[in-house]
Each structure stands twice: as structure tokens, then as C-alpha cells.
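Two complexes follow with chain A in common, the first pairing it with chain B and the second with chain C.
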Partner chain A sequence: MNTREILIMAASGLLLAGLACLPLADEGFWLTLGISLAGYVAMSTAWALFSGPTSYVSLATAAFFGTGAYVVVNLGETAPWPAVLVVAAVCGALLALLAGMATLRLSGVHFVIFTFGLAELIRQLVTWYQTNIGGAVGQYVFVDISSAQIYWQLLALCGLVFLAGWAINRSRLGLALRVIGDDETVAAHSGINTARVKLLLFCISGAFIAVVGAVLAPRWTYIEPSIAFNSMISFQVVIMALLGGSRRLWGPLVGVIPFTVLYELISGHFPNHTHLLLGTAFLLIVYFLPQGVAGRIEQLRLRRTHRETHAARSPATLGETAR
Partner chain B sequence: MSNHLLLSIAGLTKVFGGLVAVNQISFDIQAGEVVGLLGPNGSGKTTLMNLISGALRPTQGSVTLEGRRLTGLPPHRIAATGVARTFQLVRVLPSLSALENVMVGAVFGPDQVSPGAARTVARSLLERVGLGGREHLHPAEMTYIDQKRIELARALAADPRILLLDEWLAGLNPTELQTGIELIRSLQAEGRTVLMVEHVMDAIRSLCDRCVVMSAGSKLAEGTPAEVLANPDVIRAYLGDDHA
Partner chain C sequence: MLFLILFTSLLLGGAYALMAMGLTLQYGVARIMNLSIGETLVGAAFAAFWLQTQAQVGPLWGLLVITPAAFVLNWLIYRHLLTPLVRRAKNRGMLEVDSILATFGLLFILQGVMLALFGGNYYSYSYFSEPVELFGHTFALNRIVAFAVAAAVALALYLGLNRTRTGTAVRAVSVDPVAAGLVAIDVARTSALAFAIGGALTACGGALLSMFLTFNASMGVVFTMKALIIVIMGGVGDPRGAVIAALLLALAETTVATLVDPGLTLAATYGLFVLILLFRPQGIMGRRTA
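So, the complex of A and B:
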């Protein structure tokens, strides 16, 4: 670790501690917004851990999220809370493992469609089970957890996701992912077991998202498959991560905040046209910021250093190009 | 040259639908040899390279590296046994710097070098292929020959038992070609084993200990460069009956 990293770590720790004080000031609108933000930051960042470097766009977020929520439905009242979260993480990872083994050989649009189908399939399965065997489609969740506690758990989870992302980026695994994202053929011929690396990351990402689902489940009190496996979650996570930029660990964070605020504004002021406006916003983002906010910042920074280095050694560079 | 059998190809065949792209090819490569793989366009040279590196699975036949059967293994397992390659159409990693590109070869190669040590390896290899001082540039900022240099350095970073070069010298201008030939000669001098697909005759004459010539998927001739280039069958395959 160098000094810069230690400083960033310390600053992030302080920031988290500061954010953790929010429930002391407000228990209403701001706490609700805080929960929403923290949940989406955790999910988008976890999503980008896998989808950022590999460029495999996953729409399975709702599947992991719903799985986590349904772990709470089934175990929330009987098992101790930490155990519930661990089970949610394990279930998320297992689901990712199964789905990944079946799909990571697929590429591009096939993978997107399959992951989307996966969330729908699980939703239908759960609905079928609840109506035919469980007795009712919806179920009540009575877990004694306050909004402030949910918020703190989500903040801690955000911290964990970032820590995991940081550790991965420094490791061989992180380098392997970047190589895979650039060129899978080169990756395989350099000795990278591409299937295993992708599977591992998909599991890590799925586990985190499932835990977010579990932590947020008590917010609803009443859970049914169409809430827990809502495909809007998958789409929003993708949009937010792309808006921020999925190739940097902090990218999704930059996307979640403006998007969540925008969403609040749109759904508050134009409740009948929410989807229309969201769709338009998405089109504009993809058109104007294909690399996301983070990518744009990086581009500008690169261009600036470039100009400086070129100005500094232009005669040498000219000689080189002439050759 | 030590007489130690390194790579053995026996009856290797690849069929695509009705097309036999590689037909019953057999030859051996001794450790420390530089072997040229020649043949007109479409004769199956690159397919043969792909069969050795695992990019394609052979329909029949076997590839053995020091007694170990490579046939049917996935490319990353083959890479782990010490086979490294470059690609006919240069393949560098655009989002990685030159240094990181080369590190990849060492980090994931047979020796699984730690990232810190790989950095040192990569730096000295970039120096060797003539990219010293340009470690932090990205491939997009480099010329074609420099990208080819990165690719060669990446393959060398794995410290491979055998290096497969697929037209590494193609597309270079005469000056660059001389540099390129010198570079491969220096690999030969340090005892590396190389199998190179090549069209540049100067390079073949001055570098290869032995050549294998393919035509329409089959082996046409094998021998020293002088021998195979004088072989009437080879001349016919390249230039037609009138010249044989």
C-alpha cells in the first residue's frame, strides 16, 4: 500500500462514519433516500465488479436480489440475522455458479438475454410454488429491524464491496479480468483459465447483490415475487453503472447519486410518464457518455497529460513518427 | 545444437465441414531449433499453429511436448506447459499499457510470476525488443511494428519452451525487417525453440535451421531452407507448373 492508497482508505472510512450519522439527524425523507442510495451503490458497484472489466452485461441482478429477499422470507423469523445474511450470500453465489456455468460460454447479446430470462424464470418458479404449494402468492415478513439499522447495514456492505473491488484490482484476478475484457483469445493463450475467472467474479458479484436483497427485504413487510424479482432493479442497476462508468471501481458511485435523485424528481413530478422519461434519459446517457462519467473524466485527464508530454518532447516525437 | 526432441506432431488433421484444412501432418522439432513453416496462402499454416496452441481442436492426430500430450487441452493449459504464441493479425490488449501487456505473459505463464517480479521481467523485455522508455504508452499510441514488438515481448515473458510466431515479420519495412530478423536471431542464440510461419524469404534463409512446406493442407517437403526452396514440388506449389 502506498501513501495515496492509505489516504484514500482513511478518507473513505471517515466519509462512511460521517454518512452513518444521517439517521441521528433525520428519520424521514432523507433516511429513505439514503437507504435507496446505499442499496443501489452496493448493487451497481457489485454488478460492475463482474460486468465492468468483462463487458458481459448481466440482467440477473433482480434474480440475485430476489433470492436474497426470499431467504429472509423463509428464514428471517427463525434464524439469527447474521446467519440469514450469510445464507443469502451463499444462495446468491450458488445461483451465480449455476447460471454462470450454463451461460458464461455465451457471449454478447446471448448472455444478456439469458440473464434477463433467469430472473423471470425464478420469479415464475417462486410464484408457482407459492400458489400451488405455499398457499398464497405473497408473504409477510416480520423482522424487528429499524430503518436506521437497514441503512447502517447497507453502508457497511458498500464498504465491503469497495474493499473487495480494491483487493481484486490489485490481485492477479483483477489483471486476468482486464485481459479477458480486452481479448479472451489472448487471455486463454496467455494461460488464463477464462471460464473460472469469470465464474468466480460472477459469484462474488451475485453474493453481494443477494445480501442487498436480504437487507432490504424487511422494508416491505409484505413480499411477493413481482416485488422481489422486479426486472426494473436489473435495468436501473445497469443504467446507473453505465452512467457512472463501469470500468472504474468508483464509477458506479458517480452514476447512482445523480440517477437516484433524477428518479426521485421524475417519479415525484411526472408519475404518469416516469418510464418514458427514464427511457429518454437512458438514451441520452448512452449517446453522450458512452464511457460514463468516470470514463469522460479519465479521457479529459488523459488528454491533458498528453498535451503536456507532447509539448515537452515534440521534436523527439516528430522524429519517431517520420521514421 | 542438442539433439533433444521437444515437440512432436503426428498425423495432425483438421477438417472444417468438407474442407480438410490440415491433412495428416507429421514432423518433429528439436530443442533449440528454429523451424520455418512455409506454404502458399490458404495452405493451412495458421490452422496448424492454432491446433498446436489449442485455439482449435484437431480432428485427428496428436501434438506432444516432451512426451506430454497436448492434444485436446484448452489453450490455457497448453500455455501452462510452455507454449507461447503471437497472432497473424497482431493482438495487443488496448486498455493495458505496454508494460502491463508484457506482464500478462509472465504473470499467467508457466512460472506464474508475481506481479512485482513480472514488472521487472516486462521492463527488461521491452528494452530488448526496442521499446525501452515507452513502457507506459498504450498500444493505440504505437505503430504497427511497435505493437508487434509488444506481442513478441508478451510471448517471451512466459519464458516459453517453444515460441510460435505467426508471420511476425509480415508488414515490416526493410529497415524494420532487419531489426526483426536480428531480434529472432538473438532468440536463436540464447537457445530458444521457435516455429515460425513466414513468407519473407530473406528471413527464412537466414534464420531457419529447417523448414516444413505445406500445400493445400498436406506436407509437401521438409529440409534445410536451401533444399526445400530448390524442390520442384515447392516451386510448383508457389509458382505453377511452368517454373518447376
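So, the complex of A and C:
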């Protein structure tokens, strides 16, 4: 770790501590907004851990999220809370393992298609199980957790996701992942087991998202499959991560805040027009911000340093400095 | 029972096949993974509904309006929305990601417009809904008519692709766009044509489905999913594979719906998909790529 990294770590730690004071100031609107922001930051950063470097667009977010929520439905009242979160993480990783094993040795398109319907598939299976084998379709969740505690858990989770992303970036795994993203054939030829690397990262990403689902589950009190496995979550997470820029660890963070605020505003005032908002956002990103805000900032910075070095070398400026 | 399942799935498979042939042209030739294809289908279903109930034009005559309209619309979409992406992409993978995201945008915008126009209710209309006795079982006449039309359109497409110069050009671009350019095929124009024909076929399938299925504005995603799985199953770019896979999918769905539970049709679809991914990822008619 160099000085710069220590400084960034310290600053992020302070920022997290500062954000953790929010419930002391307000228990209403701002805390609710804080919870949804923290949840989306954790999910879209976890999404970008896998999909950023590999460019495999995963639409399985809602499936992981719902799996986490359903772990709480089944275990929340009997098992201790930390154990519930661990089980949720394991279930998320297992689901990612199954989906990944079927698709990740093939091309990206197979993967997109498979994840596209995954949440809907699990929703159908859960509904079918509940109507035909056991229990009612909707269930109540009685877990004694306050909103402030949910918020703190999500903040801690955000910290964990960022730490994990930072650790992966500087490890052999991160390097392997970047090579795969640049050229999968080259990666395979230089001895990287591409399928295994992708699978591992997908499992890590899935586990984090499942934990977000578990932490957020007590907020609903009543859960049914169509709430937990709502495929809109998948699309929102993709847009937020891409808007911010999925190639940088801090990219999704930049995308989450404006999009969540805009989405809340639109769904509050024009509930029927959220689809149009999502559609327009997708098109705007593809045509005007293909690398996201983070990518655009980097591009501008690169262009400036390029211009500066270029200007320094040109004879005209040399003459000026000599004078 | 067996005969009933086989015949019902054959009748359903006809409309699926049109949609899947449309997607296989769009993805296999124009190289655009069109995830808004289900919305094209549902849009055509709404158009047929509107023509039947408001303008008193039956869906069979309506096809003569809907199909050309879809052709023009998809041509415009390819020319103005997707060509910049094709130009920008450095390789096939980049175009795939870009086209997936752009057509997501289209998906939501089309769905948003249909929701604004028709709301979230289910729609259906009655057309040729008298019963027909066939081999001791009763079927609705509209299903049989829809299947006959679908079969005729599929046959026309097959002949067009295999017996005309334009069709040969389309198949050449599907095999290798660079090599097709070397033998003086206008790849950009042929791709636009394939994309537009794909959209027209899908719209045709949608109008036919609307004759016997209830539909609503947010249903497109389910059809997109089916079309995608059929295309992968049949082998990308091969209309014959799309037909076979569409019939197989309809068979799996009908079997599960009649013998097990109608709520598990998607599970059946996924089961087929996983089998294909595990044992024949290049598809039934596909060739293994290097």
C-alpha cells in the first residue's frame, strides 16, 4: 500500500463514519432515501465487479436479490441474524455457480439470455411450490430490526464490496479478469482458466447481491414472489452501473445517486412513465456515454495531459518560455 | 391425449416459428441481438386488435397493413438507430453489448408507449372462433387459420432465401460479412434488409397470435425470451433450425402445461435451453465455430 492508497482508505473510512451518523439526524424521508441509495450502491458495485471488466451483461441481479429475501422469509424468525446473512451469501453464490456453469464457458450472448429470464424462472418455481406443495403465496416477515440498523448494515456492506473490489483489482484474479475483458482468446492462450475466473467472480458478485436482498427483506414485512423477484431491479442496477462507468470501482457510485433520485421523482409524480425513463436512459448511455461518467472524466483528463505534454514540446511554447 | 398435445403444439409452433425466424435474421445476418423483438410482436397484436375492433378490418386483411408497416419501421430503426453502433464497433463482441443495451432502451420505450396507450389490462378479440372437428378432437378455427398463414409465410421466406439473388446475398452476409463485401454484396444494405424482414416476420407472428391469445402491454419480454431460446436452440442464422426449434419448444410447453401445470411453462423452456447449452451449444442446425 502506498501513501495515496492509505489516504484514500482513511478518507473513505471517515466518509462512511460520517454517513453512518445520518439516522441520528433524521428518521424519515432522508433515512429512507439513504437506505435505497446504499442498497443500490452495494448492488451496482457488486454487479460491476463481474460485468465491468468482462463486459458480460448480467441480468441476474433480481434473482440473487430475491434469493436473499427468501432466505430471510424461511430462516429469519428462527436463526440468529448473522447466520441468516451468511446463508443468504452462500445461496447467492450457489445460484451464481449453477447459472455460471451452464453458460460461462460459452459466449457472452448465451450468458445474457440465460440471466435475462432467470429471475422470472425462479419466481415461477417459487410460486408453483407455494401453491402446490407448501405454504401460502405471500408470507409475512417478522424480524425485529429498525430502519437505522438496516441502513448501517447496508453501509458496512458497501464498505465490504469496495474492499473486495480493491483487493481483487490488485490480485492475480483481477489481472486475469482484465485480460479476459480485453481479449478472451489471448487470455486462454496465456494460460488463464477463463471459465474458472469468470465463475469465481460471478459467485462473489452474486453473494453480495443476495446479502443486500436479505438485509432489505425486513423492510417489506409482506413478501411474495413478484415483489422479491422483480426484474426491474436487474435493469435499474445495469443502468446505474453503466451510467457511472463500470470499469472503475467508484464508477457505479457516481451513477446510483442521480439515477435513484430521478427515478424516485418520476415514480412519485408520473408512476406510469418509469418505463420511458428507463428506455431513454439506456439509449442516452449507449449513444452519448458508452464508458459512463467515470470513463468520460478519464477521457477528458487524458486529453488534457496529452495537450499539455504536446504543448510543452512544441517549439512555439519553447520559445515563449525561453523569453 | 398424445395426438391432442402434438397437434396443439404444432398449431402454436407456427406463430413462434415466424417470430424466431425474424430474430434469427436480425441476429444472424444483421448481427443485432434485438431484445425488443417481443415488443414488436405485442405491438403488432395491438395493431391487429385495433384494426379489428375500431376499423372493422379483420386480422388477415390487417396483415397486409401491419407487415409492411413493421418492415418500414424496422428499416428506419436499423438505418438511424443501429447503423451508428455498427460503424462504431471495433469487433463483434462490442457490437453485441452495444446492441443489447440499445435494444433494451427500445424495449422500455415501446413498452412505455403501449402502457400509455392501452394500460395494463389484458386484451383479446373474437375472430373465426367457431369449433372445428378434426380426427375426433375439437380445435378453434382461428388457430388452424393462423397456422396455415404462418406456414405459407415461412415457405415464402424459405423460397425467397434460397431461390433469389437477394436471398443468396442475405445468406452470404450471414456466413461472413467481410467475405460477402469482397464479392460485391452491399453488406450495409443487405443487413438493413434482413433486419427489416425480421421485424416484418415478427409482426406477422404477433398479428396471428393475437387471433387466439390474450395479450397485454407488458407481455413482450416473455416472447423475447422464447424467441431467444428458439434461436440459440436452432442455430443462429438458420431459418430451418428456427422452425424445428420453435416446434420443439411449443411441444415442450404444451406437454408441461397439459400434463403437469400451466404455471411451469417457463421452467420447461429453461429445461430445454439448459440441455442445449450443455450438449449442443451451437444449436441443432448450427456449425461449430473455431
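One rule holds for everything that comes next: the second predicted complex is superposed on the first by the 311 of 323 C-alpha atoms of A that agree within 3 Å, B and C clash if a C-alpha of one lies under 4 Å from a C-alpha of the other, contacts with A are read in each partner's own complex, and residues count from 1 in each chain.
By definition in this document, a contact is a pair of C-beta atoms (placed from the backbone, for glycine too) under 8 Å apart; a residue touches a chain by one contact, two chains touch by 3 or more.
Please read all numbers here as calculations on a predicted model, not as lab measurements.
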item	value
Side-by-side fit of chain B and chain C on chain A, or clash	fit
Chain B versus chain C as contact partner of A:276, first or second or both or neither	second
Touch count on chain A, higher of chain B and chain C	C
Partner chain in contact with A:176 - chain B first, chain C second, else both or neither	first
Which superposed partner A:131 touches (first chain B, second chain C, both, neither)	second
Touching partner for A:191 - first (chain B), second (chain C), both, neither	first
Touching partner for A:241 - first (chain B), second (chain C), both, neither	neither
Where chain B and chain C come nearest after superposition, their Cα distance in Å	7
Contact set on chain C toward chain A in their complex	33, 35, 84-85, 93-94, 96-98, 100-102, 104-113, 115-116, 221-222, 224-225, 228-229, 232, 261, 263-264, 266-267, 269-270, 273-274, 277-278, 281
Chain A-touching residues of chain B, taken from the complex the two chains share	53-55, 74-76, 79-80, 84-85, 87, 91, 93-96, 100, 103-105, 107-110, 115, 154, 158
Sites on chain A touched by chain C in the complex	55, 57, 102-103, 106, 108-110, 112-114, 116-117, 120-121, 124-125, 127-128, 131-132, 231, 235, 238, 242, 272-276, 278-283, 285-287, 290
Complex contacts: residues of chain A adjacent to chain B	172, 175-176, 178-179, 181-183, 185-194, 247
